[in-house]
Each structure stands twice: as structure tokens, then as C-alpha cells.
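All chains are identified by letter, namely A, B and C, in their written order; residue positions are counted from 1 within each chain.
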Amino acid sequence: MSVDKTTVAKIARLARINVPDKRLEPLAAELNGILNWIAELDEVNTETVQPLASVTGHALPMRDDVVTDGDRLNDVLSNAPEGASGFFVVPKVVE
Amino acid sequence: MSDLVKGSTGDWEVVIGLEVHAQVTSNAKLFSGASASFGAAPNENVSLVDAAMPGMLPVINRECVYQAIRTGLGLKAQINLTSVFDRKNYFYADLPQGYQISQFKDPIVGEGSLRIVMADGNTRDIGIERLHLEQDAGKSMHDQHPSKSYIDLNRTGVALMEIVSRPDMRSAAEAAAYVRKLRSILRYLGTCDGNMEEGSLRADVNVSVRRPGGPLGTRTETKNLNSLRFIQMAIDYEVVRQIEIIEDGGEIDQETRLFDTSTGRTRTMRSKEDAHDYRYFPDPDLLPMVVSQDEVDALAAALPELPDEIRDRLMGEYGLSAYDASVITEERDTARYYEAASEGYDRKLVANWMTVELFGALNKSGKSLDDCPIAPEQLGALVGLISDGTISGRIAKDVFADMFETGKSAANIVDEKGLKQVSDSGAIEALIDQVLAANQDKVEDYRGGKDKLFGFFVGQVMKQSGGQANPGMVNQILRSKLDRV
Amino acid sequence: MADLLDLNAVEAREALDKKAISAVELVTAYVGAAEATSALNNYVVLTADHALAMAADADKRIAGGTAGLLEGLPIGVKDLFCTKGVSSTACSNILKGFTPPYESTVTANLWAAGGVMLGKLNCDEFAMGSGNETSAFGPAINPWQGNDKTNLVPGGSSGGSASAVAARSALMATGTDTGGSIRQPAAFCGVVGLKPTYGRCSRWGIIAFASSLDQAGPFTRTVADNALMMTAMASHDAKDSTSTQTPLQDLMGAVGAGVKGMKIGVPREYVMDGMDNEVVRLWEQGQAWLKDAGAELVDVSLPHTKYALPTYYIIAPAEASSNLARYDGVRYGMRVEAETLDGMYEATRAAGFGDEVQRRIMIGTYVLSAGYYDAYYLKAQKVRRLIKQDFDTAFEKVDALLTPATPSAAFPVGRKIDDPVTNYLNDVFTVPANLAGLPGIAVPGGLTSDGLPLGLQVLGRPFDEASLYRVAGVIEAVAGFTQTPARMAGGTA
């Protein structure tokens, strides 16, 4: 499996990273280098192996249904690049 | 099948599946300690976890998990003791993490079913494919500023249940009945308030058409419908649109559509080519979620009686019609009112008075059962006065209107206004004699064969009695006097 | 001044308790040391006033007899930890100006134990790197120099932490380790670095790189100091669902307990092509030391070792691609304005993330994307299980494993690498422990012929950090690693 310019552009779009056209080709080469290297895993037989997502071995802890947070507008908004009347503000979203 | 739709080239069968998003009733959010309540000032119910501050981590709210299990039990569904939370990755202004925590491969609830009742009393079982827990998104507001959108994260992270049906529905009416029934079950269980206006319950509708019994057609998904009416309108519009396209030789695009409430039409939101690539993978901040069979059993044991069970009882024991039983059991409060009102009285008659007079009056006055001026026992007592002949059904309507207005008991009103039915045969005979004497010509006509005039005489006698004469006795005595030649 | 800096943490604690020195004096010396060695660029924020205020409070508690475990000890914090009211950026432009209104659990634990925050330490951007060269603040420099005196990397990603502890501009430092980011820089800088068992230290408030691998740990000059700091850092945290409730062992007691009767595994797969001969020699030396100290050496096999790096370079970027989606210019950090929301996202993330971070986000996005998930991510998760099973099997026979910490000593800053994969190979000995969630410690073993430190790594069973300290304590005692780097505060060079 290897990626071409179009695929790199598609991935960049999915990741919301603006990649200039002239960077697509070199980036494809870099990514292919990595992908070829990780393709080494193909030689491992994993037919009967269950995937391992978590190593802790304990089950998900649960908390009680109690309101313990919120009501901290300043903490929430103080780092925002743009805000107004208690809202975050972004360029207009058109649906 | 009566639900087939006629096109210009023949009949079409409609295939509908629904994905309902129901907000879980809980104090706090699914993965944070912020309040899940409505109506706060912007970004007030937001924790640092909800705002996806760097290094913040999710911890699950047990009650939300239990609510999902209760709902699963109410849908007679399989409860999965181990389930997994995945990340659904996409960028949006009101999705601070850049992913929604959801359940993709291993949901907490598996297959179940839900019984719908149509207006004709027919029932159908609609398959439930799955139910999973996920986070709600925030709110983007687009009207505050010409070139900006404003973001409020109060809803961000509130727990939702996504309940996915099988494509088992065949008409807009069935889809509406499904949502109504689902809402009813959720409200009985107390797992979702079902408030569609506030968005606590909203549906994505998958619609396709096919030749009866033929292979499935390509479906479209219309997103985020928040009323029963819009659900039906969107389906009706889609059905007509799809049939027209196919009959004109076109093909249906598999796409996501939006419903425009002002025009009643659906329009393309995004096509299959633009479909998101959500890159689901197990959330590494969370571990597989395990609940014990004991926990599930305890939740099951504590479930309230559900509408289907009550409905079966009302039909089986009380002899109510399927329709009345469904209407009465749709809401838990209504069912409770009915049980209290009909206790000790004619069950069918109380049902009738409830569904027609009471609901009518509530509707007209814009009141709900909560602030109904007539207590259940008072309605029962009114029906009791009819049953024992104290008042006639017609008088009862006036008494009812008075009760609704004043909150007084039926007996009081009947006493105060002297509305007691006259069942004294002598008094009724005297009334009849008066009426016959005043209408000698009509008596002749009747005896000459104009049978229909009988009703006229009954009406006159009732009028003379101020509606208080016992109608059965009036009929009987009148007939014997008129037919005595 | 210089003798204050000579004290290790355990010694400094004694001197403080005996009132031989004050916390203010000690902290003042370290602030001076940080300023004197600023050319090493290991601090990105020096919070001198804050440190002195904390030191004054520490002196009061010492005087009042309520001194905590780390009372008065000056500690540097990797910039990956969120610190309340102090800029926290993961050394990325995208978090420029971000001041958290919260304190990470780990640092909160340190301050609760009386520790004093000196400032924030340089690291690779979002902890992605092995040389501290991807930092938006420029590279941190290793205080050690070879004969040619060129600037060397301190390793990464916790390069500033290792550099500061080695240069004595911090007595202790926090780090995080996702694929070796504590152990590799510790080895490069000749200090002790522990990556605890996954779940041992809370991840709450630490800027995430790869959630299933990230783990915080201590950098110190000695093994005993390390056990001391670790004892204060670790806690069960209800705010982190992956945090463990397994009680912490007596780590301080383990340091001098020796290795008599312990079975130490030597994994035969840890001999790699292109490995430095001096690294192999130190590894053999380490085996001999432990044998002499009464341990039994056992040859073990970890057959899937060679697949650990490719597995890691699927899982870590995949998780990172998702973890870093929140840096979108909306709620904090940098924003590059644009007409549309997507335009703003794309411009902000292109300008805010450096090349290596972008590369890893792209790889991670790709391996999770439709049609490739099974071939890459799912496959990697399966191999991850095999790697863990290798360790499980080995730990049925042995109590700990001894391996080299790195395949080479520190390399020059700015070394031209065309192929990113070459850089990734730095983590070859450290990554398997992250995949399996095991604890690992790097402890200095000696110098190369060029005068650069080399480290040994000890790996243990989950939640058995005590065994690591036993083994590391012996290595430290026998190796007699007392050399100090050329560019050290108060040093002669």
C-alpha cells in the first residue's frame, strides 16, 4: 500500500491541515517511507489474536450522577482567541 | 397491503428505518460533572472536560449507563455486559474534542423490539437493532453576527441514547406511531423526558422505496427531525420525490438530507462522495465497560409497568378497545389517572369520557393532565351518576363542563342546579300528555304512518323536562301512548 | 553555592530538616543555576518568584515540623504538564499563550508533598521526537560534550528535563514517556529516569500524545532520589479512568535491598544490527555486575521485539491524530483567521503544528481511515497483544529484564536525517515497555570512549516498580558513575 498526491491531499483535508500543493509530493514520499516500514507487520501471523486496546486489565470505573463542575465561565473562556457575550466565536458556519 | 403508494407506473412499497436520539435523563453529563439541565446562560454548564482543555479526561456517569440499560430492558432488548466506547472523529465548531465519544462496534444494548398500535387497532412489532450511548454536541448560533457563528457548549457532553430501528416501517403513520410509542416507553421508564421541542428527542429518518417484495432501493437519510409532524412530512416528501425520480428513469443518490420546516421539503446536505470518514477507534482514555448480570437484574426488577402491559390489562380485564387502551396508556400519567378514575365505576364508560370529553376539554383549554381541574375520582363519580341513572348522558356533558370550569364535584352541581333525572313515571306521563295535546296534528300524521315523527316527540318531551327526564322511560311511555290507537 | 548544588535530593532533604540549609537558599541556588546554564535552553519558562514564594512556605512548614516528602526540593516540570496560571504549551506554537486554569494531578501531588516549582522544561513538540529538536522553543542542549565539543541532543522527548537534572539546574524533574521519552534522554544525559507502569501516575492535566501509552515519571540524579520523587508523584486519581488502585510498594526501601536471589532475564532479541559496540559491552558489564551481586541471569526470548517499533508507529500516531484534533483555534491557543471555519482550522493547524507533528497526524489519520483500519490499526493492536504476551511469558521465569537503554550515545544537534524512520529507531529498546504497559527505568552505567554517558534499562512486571529500584540501586552502586558533564552549573568547565 502506498499513498499518492491525491491521497495525501485527502488525508490533509481529513486532518484539517493546509498542505501547499508543492508539499504534497515530498510528503507522500515521507509517508510512504514510514508506511513501507510499518508494513513489516504483515509478516506476523495474527489470525487467532484478539486486538489489545488497553493494558490496564481493570474495568471502566464509574462516577456518581452528581453535578460537581460547571459555572466557571472565566476558566472556560479566558484562553479563547475570540469570544463574545459568553460564547466562543468562530467564522460563520454555513450548512 | 394498504400502505402501498401508487405511482404512474404501478405500486411502490415504502421502507423506513429510524435513528432516534434521546437525551438521557440525568443530573450530570455523560463524561463530566457539569449539569445536564436546560436553560442555563451560555457556556455556564461547561466543565474543562466539556471544553476539551488539554489533558482533560472523561469519566463515565453510572446513572447514564443504568438509564441505557433500563431503556434496553423496556425495549425487550439484549443487554451487553461488556461494551466499548469509540471515538468518532470529525471537526465541527460545537465538537470541542474533535471527536464524539460514542459506541460503534460494541453497543451497550443489542436487538430488541417495540410494538406499535395503529388507529385501526392493528399492531405491528418493529425491530430494534441497537441502542448505544454517546455525547451530544454543543450549539452553534448563526444569527448573532453577519460573518461569525457563536458557540455554546452547554449541551456538549450531555448523554444521548441513539436507538436504531430495523427498516421495518412501511408508512409515515407507522413511523410516527413508532416514535410516539418509543417516547411513551422512555417517559414511563423516566430515562428521557421525550421533549421534542427542546430537542430531547429527535429522529434521523432513512427512507427508500421499492416494488412490493422487490429488492431494497437506495435510501436517503433526513437528519434531525424534532416533531412527529415533521417526521411524517419529511417521509411523505421523500416518498413522492423518490418515486418521481425513479419513474422518470433516474436514480436515487445515497445521501444525507435536511428537512426545511418552512417549505416542508428535504434538500441535499451532503452526498455520499462527501460522506465523513469518521475513523472510529476504541477511546484509549476509557476502558471496556463491564456491568454485572446482578446489576442488570436489579434494574429489571425495579422497572415500572410499561404501556404494553397496562394496555393488555385494560383490554383483557376491562374490555377497552385497542385504540382507547393505546391512547390511555401512551402517557404514564394518563394511565394512572385512568386507573384512579375508573376504579369502582364502569371502566369502558370512564375510558370513553376520558378520551373524548376530558382530553377534548384539556386540549381546548391548553391544559395538561397535571393541572386538570377535575380529579380522577371526580370523573369516576360523574360516570357513576350516569350509570345509576341519576343524570342522563346529555346532562352529564353540562355537568362535566361545569366541573371543568369550577372544580366542583358532579354531585354538588347536580344538587345545586336540580339536574337530577326525572324517573317518576307519573311526572313523565304528564309531560307527554302536554306535548301530545299541543301537537295534535303531528299525532295524526304519526298515526297515519309518519314514523319519523317519533324523534320529534322525544325531543319535545326532553325539552319540556329541561333534559332531566329519563330518556329510556320517555321512549317507553311515549311509544305506548302513541301506538295506542 | 556550588555545594548546595552538589546535594542530591535525599541529602538536601536531610540538610533541610536539620536546618543546615533553608529551602530559600536551595531554591535560590537552583534559580541561579538555571540562569547560568540558560544556553542549554532547557527551560522554556523560569518561574523564579513563584519558586521563591513556594520555598518560603516550605521553610515555614519545615520550621513547623510538617515537612512533606519533597519539602523544599526544587523541581522542573516538562512543558507537557498543565500548571495553573503558568504557560503550558507542549512546546508547540499551536498552544502559544495558553495558561491553564488547572494543575495536573502529578504536579499537584508534587506541590502537596512540598516540592517547589522552578519552571517549565523544554521538550519535543507534543512529546513527538527523540532529540528535543521538534520543540517550538528550539532544541534543548545536552550538558555533556564529546571530544569535538559539538552540541549534542539531550534525547527526547523529555530532553529539557534530562538536560536540567544533568546540568544541575533542577534537582529533580518530571517527564513523560510514550515510547521512551524518559528513559532515552535519561540515558543520554547520565541521569536516572523511570517510566512507571501504565496507570501508576495520573494522566489528568498532562497534554496527551498517545493516551494508551503516555505515562509520567521522575528524572533524578540518583536511584534513591528517583524512588523518593516517584513515591510523591504516584496516586490513584478518580479523574483518570485508566488510573490504578493497586497500592504503591515501598520504593524507598527497595533501593538498597540488593538483588540476591532475583532472576534477571536477558532478552536475546535486544541485540540489534548497527548497535554501538560500547552499548553491547556495557550491557554485558551490567549482567556481570548483577550476577556478582547475587542475581541469577536467565536467557529469555521476546520473539516479537522487532515488531514493536512499527506497531508503536501505528498506534501512537493514530491516537495522536485524534488527541490533537482539539487544537482547532476555537477555545485556546493560536488562531489563524480565515473566511470559513474549515479554512480557519486548516490554516491554524498548518501554522501551529511543526513538521514532525503534522507528519504523525497524517500517518495516524491515514491508518484509521476507511479501508485501512484493519490493515494497520487493528493489525497493530493484535501485534501489541503478542508483544505483551512475550513479556507475560518471560515474567513467569524472571523478576526483571536487563537491556540497553538506547542503541547509541547522544547524537549531535541538527544531525541531518532525511528519513524519519532513522530517528524512530532511537526508541527501539524502550518502546516495547510502553506497548505492554510495563515499568522501565534507565540508570547510568558508564561513559563511552568519547566521554558520553550510556544507560542500562531495567524492565519489570506491571506495578512492580520496587524490583526496578532494587536492580537499578545495585547498578548505580557498582557502576560508581560519579562523572559530571562539562556544561554543568557550578562546574569547572
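Keep this in mind: a contact is a pair of C-beta atoms (placed from the backbone, for glycine too) under 8 Å apart; a residue touches a chain by one contact, two chains touch by 3 or more.
Predicted model, so just to flag it, every value in this text is computed and none were measured.
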**Item:** Central chain (distance from its CA mean to the mean of all protein CA atoms)
**Value:** A
**Asked** Farthest chain from chain A, comparing Cα centres?
**Response** B
**Prompt:** For chain A and chain C, what's the span in angstrom between their mean Cα positions?
**Reply:** 24
**Asked** Whole-Å distance, chain A centre to chain B centre, using C-alpha means?
**Response** 41
**Prompt:** What whole-number Å value describes the gap between the mean CA coordinates of chain B and chain C?
**Reply:** 59
**Prompt:** Residue numbers in chain B touching 2 or more other chains?
**Reply:** 48, 51, 59-60, 91, 93, 149, 151, 277, 279, 284, 286-287
**Request:** Hunt down the residues of chain A that sit against at least two other chains at once, touch-wise.
**Result:** 14, 16, 53-54, 56, 58, 60-61, 63, 72, 75-76, 82, 88, 90-93
**Prompt:** What are the residue numbers in chain C that touch two or more other chains?
**Reply:** 98, 101-102, 212, 238, 241-242, 321, 325, 328, 330-332, 341-342, 345, 365, 369
**Prompt:** Considering the complex alone, what residue numbers of chain A touch chain B?
**Reply:** 14, 16, 53-54, 56, 58-73, 75-77, 82, 84-93, 95
**Prompt:** Which residues, counting only chain B, touch chain C once they are in their complex?
**Reply:** 48, 51-60, 87, 89, 91, 93, 96-99, 149, 151, 277, 279-281, 283-287
**Message:** Taking the touch rule as given, give the residues of chain C at its contact with chain A in the complex, in rising order.
**Reply:** 97-99, 101-102, 198-199, 212, 238, 241-242, 244-245, 304, 306-307, 310-311, 313-314, 321, 325, 328-335, 337-347, 349-350, 353, 358-359, 361-363, 365-366, 369, 372, 375-376, 378-386, 388, 419-421, 435-437, 462
**Fill in**
In the complex, the residues of chain B that touch chain A are 26-28, 32-35, 40-49, 51, 59-65, 84, 91, 93, 140-142, 144-153, 258, 269, 277, 279, 282, 284, 286-290
**Request:** Can you check the complex and tell me which residues of chain A touch chain C?
**Result:** 1, 3, 7-8, 11-12, 14-19, 27, 30-31, 33-35, 37-42, 44, 46, 49-58, 60-61, 63, 72, 74-76, 78-82, 88, 90-94
